[in-house]
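These are the structures, in structure tokens.
Here subunit A shows up in two complexes: once beside subunit B, once beside subunit C.
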Partner chain A sequence: MEDLHKSTLESQEVGWDGGRVVAAAKAFFRRSAFLSNYLIAFLLILVLNFTLPRLMPGDPFQAIYGEEALLAMTPQLKAQLVERLALDQSMGQQFLAYILALAGGDLGHSYYYNQPVLSVILDFLPWTLLLTGSALVLSTLLGLFLGIESGFRRGRHLDKTLLASLMFLNGFPDFFMGIVLLLIFGVVWGLIPLSGALTPYSGLVGLPLAIDILHHLIAPLAALVLVRVTSAYLLTRNTMITTLKENFILAARAKGCSEGKIKYRHAGRNSLLPVVTATGLSIPQMITGALFVEIVFSYPGVGLLLYNSLLTRDYPLIQGILLMVTVVVLAANLLVDLLYSRLDPRVSHAR
Partner chain B sequence: MLEISDLKVSYGGDEILAGIDLDLFRGDSIAIIGESGAGKTTLGLALMGLVDGRVSGRVLLDGVDIAALDDRERRKIRGKDMAMVFQNVEDALDPLMTVSDQIGEAIFVHQDRGDPRGVGDRVLRLLGSVGLEEVKGRSYPHQLSGGEKQRALIAMALANDPQVLILDEPTASLDAVTKAEITKLLLERMKGKVALVITHDLSAAARLTERMAVLYAGRIVEIGETCDLLENPRHPYTRGLIRSSPNMTTTKDLQGIPGRMVHGVCGCPFSERCTQRIDICDKVVPPLAEVGDRSIACHRGGIVPLLELSKIRTKFGKFVAVDGVDLTLYEGETIALVGESGSGKTTLAKTVIGLFSHQEGEIRLEGVPLARRDRGFYRKVQMIYQNPKESISHRMDVFDAVSEPLAVQKAGGSAERIATVKRVLEEVELSSDDDFLAKYPHQISGGEAQRVAIARALVLNPKLLIADEPTSALDASVQAKILRLLLNLQEKRGLAILFITHDIALARKVSDRMAVMLDGKIVEEGLTSVVTTSPVHPYTMRLLEVAPDLAPARVARGARETGPAGGGPWNISELLPLRAREL
Partner chain C sequence: MHVSVWREVARSNAGKAGLLLIGAMVLLAIFAPLLTPYGPRENTTTPAFSRPSGDHWLGTNDARQDIWTQLLYGARTSLSVAFGVALLSGFISVLIGGTAAIFGGLYDRFWMRVVDATIAIPDVIVIILVAAYLRPNVFFMILLLSALSWPGGARVIRAQTLTLKERMHVSAARTFGAGPSHLLLRHIIPDLGPILVATMIQDARRAVFMEAGLSFLGISDPSVMSWGKMMQYARVFTYLEVWKWWLLPTGIALSITLIGLSFIGFALESALDPRLREREVGHDGGI
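On to the complex of A and B.
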């Protein structure tokens, strides 16, 4: 990697156009090698999703649709489905059919909602994205901010207080935190709605609608953030403490930089990197957490949907949701990786 | 312009700097020399106001005591009037910012109103002034080589044209070629400023600075002109430091300093390791006193002269064997007295020890004129001869031979004597078991016999050893070991050695200074390295010409190295002619 990057530099210096082209091509290959990791992971997920139900003993049909569904199914419908899933043909053709169906957005049919799985999921997904997305961003930013301030004042009063209280919060499971919040703010004080993502049939638009959404969002969001902030905080604080010992911090001080500049521009930025990585890694947990919290708050997201589909044994829907969630996790990781390479010049040049 | 007085820094209870006084003026360049732990870097950081520990004392910059300023005011000076280049280039730059941004930041933070264009231009000029191209400015630190990073750091320190520039190990961790380039750059950029070069690297200090301050355990022990101080160190520690630093100038084998540095001793910080300490040394801290153009912190005024000969004349009837010799031998030093047989060198040695008496001149031992040679004299001065049989009677076994001086001096009881003899025998790397003690000279080898002679000479713990061709009767490998032994004893005990030899090549490896004798006179005297590399007297040149030399072998090897097949790390084509020329 070193070599690659050196040669890139050199060719730039010489200003030889061919060099630039070569460099660009190399950069492209590096980038595509990086993306191909994600592609491979995606394919693996598809294969798994395809094979697992078919590997189960007994009728694949039963595995895909579940017993109750089969009982309720007319022979006509069954024949139709056999044809569509190519169940009477070879595995290869079945897979092809499966991929083609996916490409067409066909994740199967939810018999409970009597709608295509995709459209059911798409109804619920935005709320989950809103909840997890904002929880992820908020807990990371808050963790960073608190971690930077705390690490900068290591051993002093603020640091000790923050450390103790955040460690305490981190001890709770998120759904438990959700229940506590719901009981106190919703049931006892009546400050927050007990369920839903917005007031139904209120006809609100614009700002009032946004406020209404926020009002519904705040408690589940708080539950997630309060529990999740600690890991970002701890990591930031630790990195901050090590970063502050680095020579370039001393050099920045020697330049006459103010404490604020040292804290954020130098130490903070350098402490950001591991936190970004960790955030990427924590996405699956965050989503799991969100699924539970949604159930607690009856928040109409994918978590609630999954819960319901489990209760009703709506297998196509369950499989669709799992596929969707893994794809979302993958996409989020990709985003984090891209973000990281933007933040750290060493990675963007070396990759 | 920069006056430092009684600057102290302590972390917890440990005093890292124990009162530094230093006055510096515009255009001064001073090296702060010392080993790790001496407090060099702490001094730099304390001047910058960047230490966490407790700081006391005054640092006057243009008359303002900057050590007393509050944080905000201090920050305005940092990087503006006073800048520092840190050691360890590898992580002294922020990995996430381009080089230009980091240099620019140094300017920005000292501006009241931002002027991005002006800053950009200045950064470009700075990059140019340290020899970095523009693309390097747009690069991130990890894209630069060590030398380029060092240049960037220098540019950063120069950003606001500071009056005081502190360089902490500016050339450490750079390869030799880059080191030379950076040194050149620094010499240019240090002009007109107060420059402090903090380093453990004597050669870097020699190249970069005019003055030098030697720091030991938080105190300055010696200050002087750089070249003078390196050639003629006066504080025992300075000499030890120079002796233990590999370099291309001195020719004597490397020697260390016994013991290790301790902080917070109540007397002289070096007293634990000093071979010439006196009672007062570990009670009172010696002040830094001016002696000529040198400042030395030592109760004895630096390394003491042990033996002073002035105008010594020794005659045998009409024949003048020694003809007006002046020579001073310092504590812990080796002077080689070089000359052919008949030059009077052995006569001089025997005159000193009292086997011959001189007709004119004066001999002083530890500053006191020598009246007669009593027992006290032989406690301090001992001699070994070319042939060990001259010192050891063939009728004495090893124990008797070594313990005889103790008996003569009536020193200690018999149990004590046995212990002393055994210890000394071990010191000269001989066996100390009873078998060996009972051996007679004809039962042991020549090398062993010479060791026994040395043990006998050392048993009284003398300060001066006169060694007359002590190894010329021995095989080369045994000779090397005996010489190594003498150097070690010198290192450990501060033994001064007057080494008499006809072999200038040998003298070159064992002596600090060299005196060349011809017809009873000293015709040339000076640092061994100087005498052997640029001799003045034709006789010295002659001696050097006929001295053993392994040159043909070296030429052959050199040719192999520079040949195309040699390769190695040096296959940069421009270097080849250079190296060939050097040969």
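On to the complex of A and C.
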């Protein structure tokens, strides 16, 4: 009797050997189907990058490089670039040339900086990574903490205040939050630097340098965190509210667990997984938020670079930045997807 | 049963606040020409950078234009984009999500693959890229934003339609010989109401944000009056005192619109999620 019971249970899980093979094959197809979403998305950006300048009326060369660049260009250079972009050949060959150049790490040439696009972007990228990374970590931790405290006290004064004020903050667009912080702390009180990521030519090293960097980072970081903390907070709060109704919380209470332990060990822990996932999925928004905030604070990251390239109409640079950001975003999302199915056994079985 | 959702939104504090804010903003936008004697691009005789006064409630900008007037006309742009995107994207969501759920099979799988792939695209980046070349006006902006925002809604609508499809009255209609279009129009769409509105409000919120963001980056149609553009111009003059009546009110107007929409959305979502409904605090089980 017991044996029979056990075997039916097992067969539901993985089944006999043949079933296991089928399941593995299915899992493989599912995995590849979901990988292909990212591939399709990436291809679409490539195609857009390729076709948009060529769809513009007039000389595609002008659209690719922008009018300003043409003024400073010698005929020899132009001929050389036409050959490199294969502009005198068919569309198919042009696309092939474009893909091959990309595969070789050639994102084009920025006429404004007179450098390869890739090396310009790499100069600016570290500051964006610093800003985005710290904002992600900080807003998640803060959201978890506030969400747990708030959900635990649902309907009470602290909960209501937190909910209303965080919902209110979330309504601000990041760049306006940045402007407000810049005006109050920078322009009126003079507490924070108005631009840059570190004091130029200060010759600082070690700890003073770290403090200087932090001093420049704090306002843009605060702007991002204040606006973005709400999603982690709301998710944690919702999970807390539903988890606190579960029987195991009652059991924990019955056996005399302290409030703090119930809050963090029993209930709070359950919101960790959804929040971590949501954090991963919010990476694109965080990056785009950072792009805007950087502009406000003249923080020398990719966002400021994008803004300047839009102003100077440095089209190769615009394209390069957007392609680069796409790659980062897609890679981050893919990683989260893979990690998530590892972390949560229910997902890899149920999907 | 579905009537109570609307009532609950109107009764909740967040819902009330949101409706109030958006209602006020819509009124300001509609009656803009009556609320100001100037045109949005009219160069008045008042000197540039004047302080707020009886003639100019928010002073004038660097080109002697009335800032209050520009604010009102900016509301028109923001709200038309929001409204347009909500309608168009909501329409596509229902069309694709609803039919995918009803027909099922290969058709369903095809559209869900399209939805999955489109959701994987970082939309802000695509929008910036396209806008950098094409400098979209209001109409084109609506098309562009809708093209990227319908998949989320379609997925939600599909899931909801799948559950509605199994309801008793729908099966009853089917046994009486109702076709797919009749089922969708008469039995399913009316019941989709609250969820559809929730996704539309989310789309509208994103649309307002993106329109302001693109104008702030300087890549929207230069002839359209917009809050984002006002902030882009005003930001240059932070060393003067003008930010107090130029930059701040514009940002606040934008934030009020966004906050209003997210309050309504939040109220709707908590009314839709039975687990979060305020009424049943403490007790679950029972009815």
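Worth pointing out:
In this section, the second predicted complex is superposed on the first by the 282 of 351 C-alpha atoms of A that agree within 3 Å, B and C clash if a C-alpha of one lies under 4 Å from a C-alpha of the other, contacts with A are read in each partner's own complex, and residues count from 1 in each chain.
The criterion applied here is as follows: a residue touches a chain if its C-beta (ideal position, glycine included) is under 8 Å from a C-beta of that chain, and two chains touch if they have at least 3 such contacts.
Please read these numbers as outputs of a predicted model, since none were measured by experiment.
Shared-chain residue A:288: touches subunit C; no touch with subunit B. Within the superposed three-chain model, A:247 lies in touch with subunit B and out of touch with subunit C [touch as defined at top]. Of the two partner chains placed around the shared chain by superposition, neither subunit B nor subunit C is touched by A:191. Annotation for subunit A, partner touching more residues between subunit B and subunit C: C. In the overlay built on the shared chain, the residue A:331 is in contact with neither subunit B nor subunit C. When both complexes are overlaid on chain A, the residue A:270 reaches subunit B alone and has no touch with subunit C. With both structures placed on the common chain, the touch criterion links A:261 to subunit B but leaves subunit C unconnected.
Shared contact residues of subunit A, touching subunit B in one structure and subunit C in the other, are absent. Within the complex formed with subunit C, the subunit A residues making contact are 33-34, 36-38, 40-41, 44-45, 48-49, 52-53, 55-56, 63, 154-155, 164, 167-168, 170-173, 175-176, 179-180, 182-183, 187, 238, 241-242, 245, 284-285, 287-288, 292, 295-296, 306-307, 310-311, 315, 318-319, 322, 325-326, 329-330, 333.
The part of subunit A that touches subunit B in the complex is made up of residues 5, 9, 12-13, 246-248, 250-258, 261, 266, 269-270, 343-346, 349.
Partner subunit A is touched in their complex by these residues of subunit B: 45, 48, 50, 75-80, 83-84, 86, 88, 90-96, 98, 105-106, 109-110, 133, 135, 139-140, 142-143, 153, 156-157, 159. The part of subunit C that touches subunit A in the complex is made up of residues 14, 113, 116-122, 124-126, 128-130, 132-134, 209, 212-213, 216-219, 231, 235, 238-239, 243, 247-248, 251, 254-256, 258-260, 262-263, 266, 273, 275-276, 278, 281, 284.
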